[in-house]
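In structure tokens below, several structures.
Each of the next two complexes has chain A plus one other chain: chain B in the first, chain C in the second.
Entry: the complex of A and B
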């Protein structure tokens, strides 16, 4: 197969056959012999002191095998925070324990305080309902401002306030930023809320604990984006099960979007219960439980100030944010609003002074953690909204003000005031592409057409930059990260020349089983069909960190390249021996090894066979076999960027917003499979449009979660969304990984909310309501109507 | 326990189940037909859609006993054989109409019901009909293209790309 046909080829997905025929194997599809079922008793109040839990009625119910409460897990560890943040004054963040089951207090609606194991799921649920908890209601802490203001009523009694950390980035910039803003000719200020979301992968979480009483080995089947990370957390922090006695399998997983990165208490519970009973224990989340327990996303309240010259040149950016952490620290909750947010606050722009302040706040709500984009959507939303407002105030076109401040191609590598070094990019070229695919020339005519139909039409523009390919271990370590963020791959060439590639990344929609073979095929010159990807099982794959942060191809894909290169290097030595020139220079091209300067050559298959049948083999120089592992630790983040345009129609009579078109021009670096990349962008756009228009995890003053079902939480549906125009041709290859790739999974969700809100504000302003400068997401008909009609 | 009998994917089946057994659990737990999925508990997401006597039904909201004697088709019954897939199964692959695959069985079952009612639906009709099937991965773009293509229409014409 010619090399050039593999990279950049939109090959159809090999995963699809099993999924389209109902033969996928998701965790809940696994039925083990003598399997039992877990159900949880969960708090109905947001904040309360547990005075007693009466399990007597439940114990005598049919099929009940065991009941657990928080008392049973006092001796085991807590679910840890993966990132240590230091406050501005140098003190470390507070880290209250997150137990397997609530003990002493319940801290959010849905907090589990007991679990029942029974013969059937129905019996387990019936018995869980029969558990009687005596819980003393405590005043709920729901609004972040209240949580910060009142230290007497605390989510965690053992720490002295509800503020986990008060972080400044970069603290040394603070005085200069204050001074620059004080002296600036123009300052635009915006207060905005980044609405709380529930990730909602369509597959609810599910875990099966299976303890082998003969060997003492545990197996956990679970819905995870990163089985090795889950095993590490359970082994080293929570349960103390040694890693060599715990296997974690994440089979087909039905989407994650961040929510399945984290270890959850239900996983520990099914393992402990299986040990106690000597039988497998399965728990399958209902959608209602998913709303109440899957880590939420976003939930920031921010004030942003942008100081500029009169011509719109940026002078300084200053933000103050309260970031909701919920009731407990989820594994990466503290990294998301800090290092994945504050470091991006310079955007795509040359802005000499930037300072970000974030307070992480505990409240009696579901824990909040990384959700598609994770910090970067919040940064982009704040910045791109305030730029839009500034452009209006100064009378500058929204595209022009961005272009005027873009970092130019000859300025890379570019170090920002918030401590990132962007390696490459060409933001003007991406904006040129956007203007082309969005047909911005035709906007005025389309606006007239809308107006003729009694509708307001608006155009919104946004740029974004994100830091992906997470992440250089030495950098994250210096910043408080408690893990390395390399990834790993093993390339195993089988004796007849076909290949198994074991990868640390996990595919739960991203199509790795299709894309990864393309990069191996390109290097080995063998057909993609002869290459198989193995993932999702700690017993079969090397220690890799999994899939999130648009990292799979940039980090794990690079490990695949490195391991493949090692295989080729070894195969060349074998080939040299076979060509009777052990010291000769061997070239490998298109599946054939040739001895430089001669007409000698040997094909791939012969060399592989020689490696495995080493009858005549220089075993004193070369080991038999052909299998290599590589760990790849990136030297920098990757920096995908893009420019998005959204056109909306607003019905002034109802306030309803309709997205008429959405165009996305992205620079993802080199693209391996354009079909899959475009699909990733489509999905990200839908989630970003969902955030901007529809989705909202709403809590009332008592901490009751008011939108915790699909009857109330408005998921984007087919008739809410347009066809998208996407393009990724204005690319600059990443300069520091072997594939030149940057990552594409989160982009759509990052760039789309500000583009959409900017479009609605444009429509409203054009109607004459120039006093309406902002509406908080989601832009529901009620909010838009009020903005249009309230005086 | 109640004996519930029906024909599933052309085969006669009977199981003794609790009266409260939902059709989706009958299919998944009792018949091991795990291609039909459960994505919510409010009859909203459509991951559980199957055909009962030719009509698309959310199997999470129908008691197994209500399907007594019925002809039921699940995703496992859509392909004629292992290498002769249903045109929607082919089109979803051709047009990248799925990512994680969890909503896909329900999506295909709903789309098949649409095409039997309306053989050449417009983009708007497809979007409206699939409103009861939630997909979190694809943003629907490629699902719409796939359904349009499966109906024999030119999907390239509508895609703004």
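Entry: the complex of A and C
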């Protein structure tokens, strides 16, 4: 296959055959000999003191093998936060322990306080229901403002308030920002809520603990986005199982969207139970349990101020945010509302003064952590909404005000006031592309058509920038990260010339099994069919950090490139020997090694064979075999950016919003497989539109989760969504990774909510209701109707 | 789901006998009952399936009425009343999804009387009759509030009979998550007058909007509805809409139903 056709070729996803024909192998498909089943007893109250747990009735029920309560894990470590945040006053954040099973108190509805192991899932569930917990109701802490105001009633008794941290970014900017806003000719202020979401991957979580009594080895099969990280957390923090005695396997995983990055107590429980029983223990989450236990996303309450000149030039941005952390610190929970949020608050713009303040708040709700976009959607939403409001106040076109403030191509690399250095970008070119694909010229005609049908039509624009390719280890270390964020790949050439690539990234919908071979095929000049990707098993892959933060291609893909280059370097040495010129310069092109300046050449297959059958081989100079590993640690984040346009129709009689069209122009850098990229954008847009229009995890004042089923939690469905127009041709290659790629997984979910809300506000304002400047998401019919009719 | 006994009698008499056990429940298509049992929120000791009874699944059209056997699934109703009662066919065609429509039955829906079910609106708006193994019950008497009906323990719906209106339309505004009606309006115009039934909106289940009926009986136009203001008293307030919003939607959807009924 000619190599030029491989990069940029929209090859069909090879993994889809097994996924669409029922041949995927998910964790729940794994059935081990003598397998037993776990079920959990979970709190029905949001906040309560455990006075006693009576397991006697459950113990004598049919099939019951063991029962665990929080008392059994008192000596076990806590599930840690992966990022240490310091408050403005320099004090470290508070880190109350997150136990395997609740001990002393239950802290949210769904908090597990006991677990039953039984011969069948039904027996385990029956016995779990028979456990009687004596729980003293405590007043629930639900609203963040109440949690902050009242330190007497605390989620965690051992810390002195419900505020985990009070973070300023960049604290040194604070005085200058305050001064700039005080003196600015125009200041736009907006208060908004970034609605809480439940991630809802198609596959609920599942874990199997399998302790081998013969070897003392543990295996954990689990729905994880990062098996090595899970192993590290269990080994080093939670259970103390030595890493070399614990294998973590994450087989096919049906989506994660962030929720499967984290280590959960159920994983520790099945391992401990398997050790105790000497039999495998499986737990499979029901959808109801998924709502009550999978880490939620978003849930910010923010006030943002944008100071400008009269001509719309940005002077300063200041935000104050309360970020809900839920009842316990999930692994990335403290990084998400801080360094993945505050650092993006300059957006795509030259704004000289930026200051972000975030309070992380404990409440009696499910823990909140990274969900598709993770902090960056929250930053983008706040900024792009306030820009839109500002443009209306100043009478400037929403595209024009953005263009006026864009960082220009000749200003890169560009260092923002919130401490990121954007390497490259061309925001005007992306906006040009958007104007073209969205047919903005035709909008006025379409609006007239809608109005003739009694509908209000609006157009919403948003730009976004995100920091992806997470992340440079030295940078995250300086910012409080407790792990490195490199990735790793091993390229193993088999004796017959085909290739296995073991990668640290994990594919749970991203299409790595198709994209990664394209990278290797391009470099080795062999067919993609001859390349296999191995992932998701700590026993088979090098130590990698998994998949999240749109990092797989930029970080792990770069490791694949480096490992492939090492293979080629070694193969060249072998080829030089085979061409009887050990010191000669060898070129490698399209699968053929040639000696420069001669007509001598040897094909790939012959060189590989020589490496593995080294009968006639310079064994004193070159090792036999052809297998190389590379670790890649990026020098900077990557910075995908884009411009989105959304058109909506609002029915003023019902408040119903219909998304008529959505156009997304993105700069993802170099695109390896455009079909997969397009699919990633489509999925991201669906989730962003879901957040803006439909999805809402709602708690009542008692901490009951009111939308914890699909009867009330509204997932986007095909008929809620328009046909998309997407483009990623206005690209600037990333300057610092070998592929020039930036990442595309989260973009759609980041840029779409503000575009949609801006469109609805445009529709309403155009109808004459210029007093309606904001509606909080989700823009349900009832909320939109109320905004139109409450005066 | 807890363990239960399952029987599938072949006659109404056997079904009635089987239902005499305490905690036995009749099973139509199971589209509400089975998910409830799977969530362990219902625990009948015995399920008596009505799907094996001969002659309980049929659609009879002709004259001024349509009669549907109690065990007839929605998909069959949608197909078979398309000509005789198109407004009813359109209502049925939008219940749930294809899986629900191929399992769920009219008897099960009407007996459950979910305050947001579609069928009760058609039954009440047409002045239909519920036929059981014991008696015939007028729609007015049958629906007695949220999940409450005139059915006695062990009584089985064998058929539902609808007078066919001169003109009719069902207008459903879907709750975004469940896609049950947030407000559903069935408007039926007869020579004797207009009837309007509202589902999805009230804490008391399906009800007639008599103010609109009176106005529409003298002037069958959307405009006349626009001038009315339904009361928000007793309407449902939840995550998806306040009583005030639902009151607005009753007016808006009724006007649209009238316009569509023509």
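Following the convention adopted for this analysis, the second predicted complex is superposed on the first by the 791 of 791 C-alpha atoms of A that agree within 3 Å, B and C clash if a C-alpha of one lies under 4 Å from a C-alpha of the other, contacts with A are read in each partner's own complex, and residues count from 1 in each chain.
To be clear about the criterion, contacts are C-beta pairs under 8 Å (C-beta built on N, C-alpha and C of every residue); 3 or more make two chains touch, one makes a residue touch a chain.
Only a predicted model underlies this, so the values are computations on that prediction, with no experimental measurement involved.
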* First (chain B), second (chain C), both or neither touched by A:20 -> first
* Asked: Regarding the shared-chain residue A:696, is it in contact with chain B (first), chain C (second), both, or neither?
  -> second
* Residues of chain A touched: more by chain B or chain C? -> B
* Asked: Which holds for A:201: it touches chain B only (first), chain C only (second), both, or neither?
  -> first
* To do: Tell me which partner A:710 touches in the superposition: chain B (first), chain C (second), both or neither.
  => both
* Asked: Who does A:255 touch here: chain B (first), chain C (second), both, or neither?
  -> first
* Please indicate which partner A:288 is in contact with in the superposed arrangement: first for chain B, second for chain C, both, or neither. => both
* To do: For chain A, give the residues common to its interface with chain B and its interface with chain C.
  => 122, 288, 710-711, 715
* Asked: Along chain A, where are the residues that touch chain C in the complex?
  -> 122, 125-126, 129, 288, 653-656, 694, 696, 698, 706-707, 710-715, 780-782, 785-786, 789
* **Residues on chain A engaged by chain B in the complex (per definition of touch)** => 12-13, 15-26, 28-29, 31, 122, 200-204, 252-255, 257, 286-288, 508-511, 661, 675-676, 678-679, 682-687, 709-711, 715-719, 721-726, 748
* **Residues of chain B touching chain A in the complex** => 18, 20, 28-29, 32-42, 44-45, 47, 74-76, 78-79, 85, 88-89, 92-94, 96, 98-105, 108, 123-124, 126-128, 130-131, 133-144, 158-161
* Residue ranges of chain C in contact with chain A within the complex -> 1-2, 39-40, 173, 176-178, 182, 239-242, 245, 248-249, 252
